[in-house]
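Next up: some structures, all given as structure tokens.
In what comes next, subunit A is part of two complexes: it sits with subunit B in the first one and with subunit C in the second one.
The block that comes next holds the complex of A and B.
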């Protein structure tokens, strides 16, 4: 029971981090139809920037906030590069792959190749059903839930959020209604950057990251986003949780070396399931 | 509100004081293809004008250019007042509710209160929380028209009102447009392949063919014009 609770809570919090990444994919895809493969890069920037700020003596809380803000700014810059001009969709997608590779190079140049980590917010670990749980897991769960609620409210209830959804729903009609679709796309990239950055800020205390951690984070985030067909934020959260929990149970009850293989196998199954549910090319 | 977009220097032609929308020698190209080749039309305050012509004649291109989606290669657009565009194929926001569709029509300004639209099309009030993508074609056309009207326009341009709709539905919606025009003085630019419908409810009309205006005149005259009858009103081509 103790181990089960530990795996479950760890899985849930890691899953929510994946969900944050997945939400970034969904948000950017919904508004711009671009799959942003640089989504994982935002996370490593978030993690590394927090690490440097903490080392420079900036207090906890502020460091994390600044890192998320910096990631948002990086998101905006990536957005301008990827969709700023009159660029075909496929070219934008390839640009994001290039930006992801470029990010790795930049992080490696600035911070080197050694994995980094930092301690989460100070405080006691706590015990649930006899399982020792790091406080950081609780922080992850609370922070992501707050973000999800804010996003659901922001998109579903506010006029601005509806205008953003309109861009996703029908870009042509959105332009006719006077909505600046390009600006909305850049806002989506900025928010995507913030979400990715937050994911990195939250996960680094739990598992050290390196300059190349963006790939595995992006793949897992993408897999979670695929569960919702890249458009449903709710299903993306479910997807993130499935991956996070599955990963922890595989690592705990079987072997940590199998966790990536199982995640990828799950991704393939989900892709097949999606393909059956949503016919390719929209044929009925 | 007055906006003048000039691509070339004004050709010295003045615009009547009661003109709300006009184009002068408008040319639009898609690469090497000339879609509009010197189109001049005008719509006066409170007027109902039809633009008829076959598929591919440039009707939708003209509307998209008036709405700023296409950039003209040369020519001039004069817009005095607000233009709202009901695009071909209705183009509702399928994932949003009817009410959200309407409210977004006021994005450029104007009241976000959809109540006047429910007075115009009472059917829509019962559907207000339904996804627009799940509605029938006629209902979607009503949503698209109301979304455009939410901007409180001086001119509403409707592209292919009748496309894919049952005749009874079309005449019902057309009646509402005429009513709107009479009561609020909103000018209507009706772009249609269905010439019979368009010429019957408008006072003036243009016939567009291969990117230029072939004929223009009073709708009632065009209805009797042998060439128009032959080409658009079921005569032999």
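The block that comes next holds the complex of A and C.
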């Protein structure tokens, strides 16, 4: 029972991090139709920038916020490079692959190849049903829930959010009613950058990251987003949780070395299931 | 420029290229022969990937895995008593069969699910090979792979492999060229422009896409098979994710969907990567410098080409050659025109790349 609770809680918090990445995929895909391969790179930047700020003596909280803001800015720059001007979709996708390896090169140049980590906010570990839970896990859960609620509110209630949804469901009608679709695409990239950056900021204290961790983060985030057919934010969160929990249970009850293989096999199964169901990427 | 002169120039270029190809193995040093063989192997892989990107409009990030599967098939079979020639023939067959099985579901998905699906295949490949140590030699790999023998002909020196590889290069480029000009090729081209339009005129979109994907994997498989006999040992380190990305870069640099582009892209990027490695390696230089340099330069090349020369070097060259002439319709220009068609169409017509609500 103790082990079960521990795996479940760590799984949920890691799953929420994947869900943040998945939300980035969904947001950018809905508005621009680009599957942003560089989504994992935002997380790497978020983690490494927080690490440097903390090392430079910037207090907790501020470091994390600055790192998320920097990731948002990187998201905007990536957006301009990938979708600025007239450019076909296939080219945009391949450009995001280029941006992903460019990020790896930059991170390696600045921070080197050694894995980094930092301690989360100080505080006592919690004991739930006899299981020791690091405080960082609860912080992850709370922070991501706050972000999800803010996103749901932002998209459902504000003019801006509605404009963004309009771009997603019918770009031409949106353009006709005076919405600048290109600008919305860039905003989506900026928000995607912030979401990815937050994911990195939250996960680095739990498991050290390296310059090349972006690919595995991106593919898990993508897998979670696929659960919702790349367009449903709610199902993407469910997908993130499924992956996070499955990963922890496989690692805990079976073997940690099977973790990646199982996650990827799960992705393939999901893709098969989606292929039978609805066309991925079509809006309802 | 008249089309006759043009044709004569093309013939001249092909003959000149052929002669240079034949003469080079005699002139090169053994290090350079290795690079020469590598260029040939990558050209084969890139020719397949270029067909996939230019015609099915899909990106595969698993070509290095297919290359690896071809290598492991050939290595394992020849170490278990099969004749190396049989093992070499089996390499593309096994790879193509696997791609066929993966392709059936993945190609039914819209959007760019194939990119991530094949990336997953690549990562699974890299995770499984070290685990299945009894067959694959784990992360250490397999060595003492027998050298290739075709009948009485022993292929052992670097020069022999250079000739073998380039025979296969010519064969694959010939197949690729014929496909771009055949009925399925025209169908695929129509498909890249508009899936619904193509299927309305009787193009069996799904089947063509699947064939395209399977063929691209077979190309990677045969290249991998030759590679393992040439090198003589094999380990999972030889097939990193970044190699798959390199293949995509080679396609883009040469020109998506162009046959000559495969050769140009593979040669250019292979040479650039050699130059970067020698630039970045030195006693006083940090160990990660070659990786930083190559990743950075690849990324910049990829982004600049896509932003400035979307039809690649071959496309740009063709356009330069045909300046002032009516819009080109020759198949080897297809990459460029397909990309342009897409950019023009994606505001008004539902197709594979624009993914408007319902097709």
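The rule is short, and it goes like this: the second predicted complex is superposed on the first by the 278 of 284 C-alpha atoms of A that agree within 3 Å, B and C clash if a C-alpha of one lies under 4 Å from a C-alpha of the other, contacts with A are read in each partner's own complex, and residues count from 1 in each chain.
Just so it is clear, a residue touches a chain if its C-beta (ideal position, glycine included) is under 8 Å from a C-beta of that chain, and two chains touch if they have at least 3 such contacts.
These numbers were taken from a predicted model, which means no experiment stands behind them.
In the superposed model, A:265 lies in contact with subunit C only, and not with subunit B. In the superposition on chain A, A:90 makes contact with subunit C only, while subunit B stays out of contact range. Here subunit B and subunit C are compared by how many residues of subunit A each touches, and C touches more.
In the superposition on chain A, the residues of subunit A contacted by subunit B and by subunit C overlap at 169-170, 172. Interface of subunit C with subunit A (complex): residues 53, 57, 59, 61, 105-106, 108-113, 115-117, 119-121, 123-124, 127-128, 131, 241-242, 245, 248-249, 252, 256, 288, 291-293, 295-296, 298-300, 302-303, 306-307, 310, 339, 342-343, 346-347, 353-355, 357-359. By the touch criterion given at the top, residues 67, 69, 85, 87, 91-96, 100, 103-105, 107-108, 112, 147, 151 of subunit B touch subunit A in their complex. Against subunit C, the residues of subunit A that register as touching in their complex are 29, 33, 35, 37, 81, 85-91, 93-95, 97-99, 101-102, 104-106, 108-109, 112-113, 169-170, 172, 215-216, 219, 222-223, 226, 230, 257, 260-261, 264-265, 267-268, 271-272, 274-276, 279-283.
Remark: subunit A residues 159, 162-163, 165-166, 168-170, 172-179 touch subunit B in the complex.
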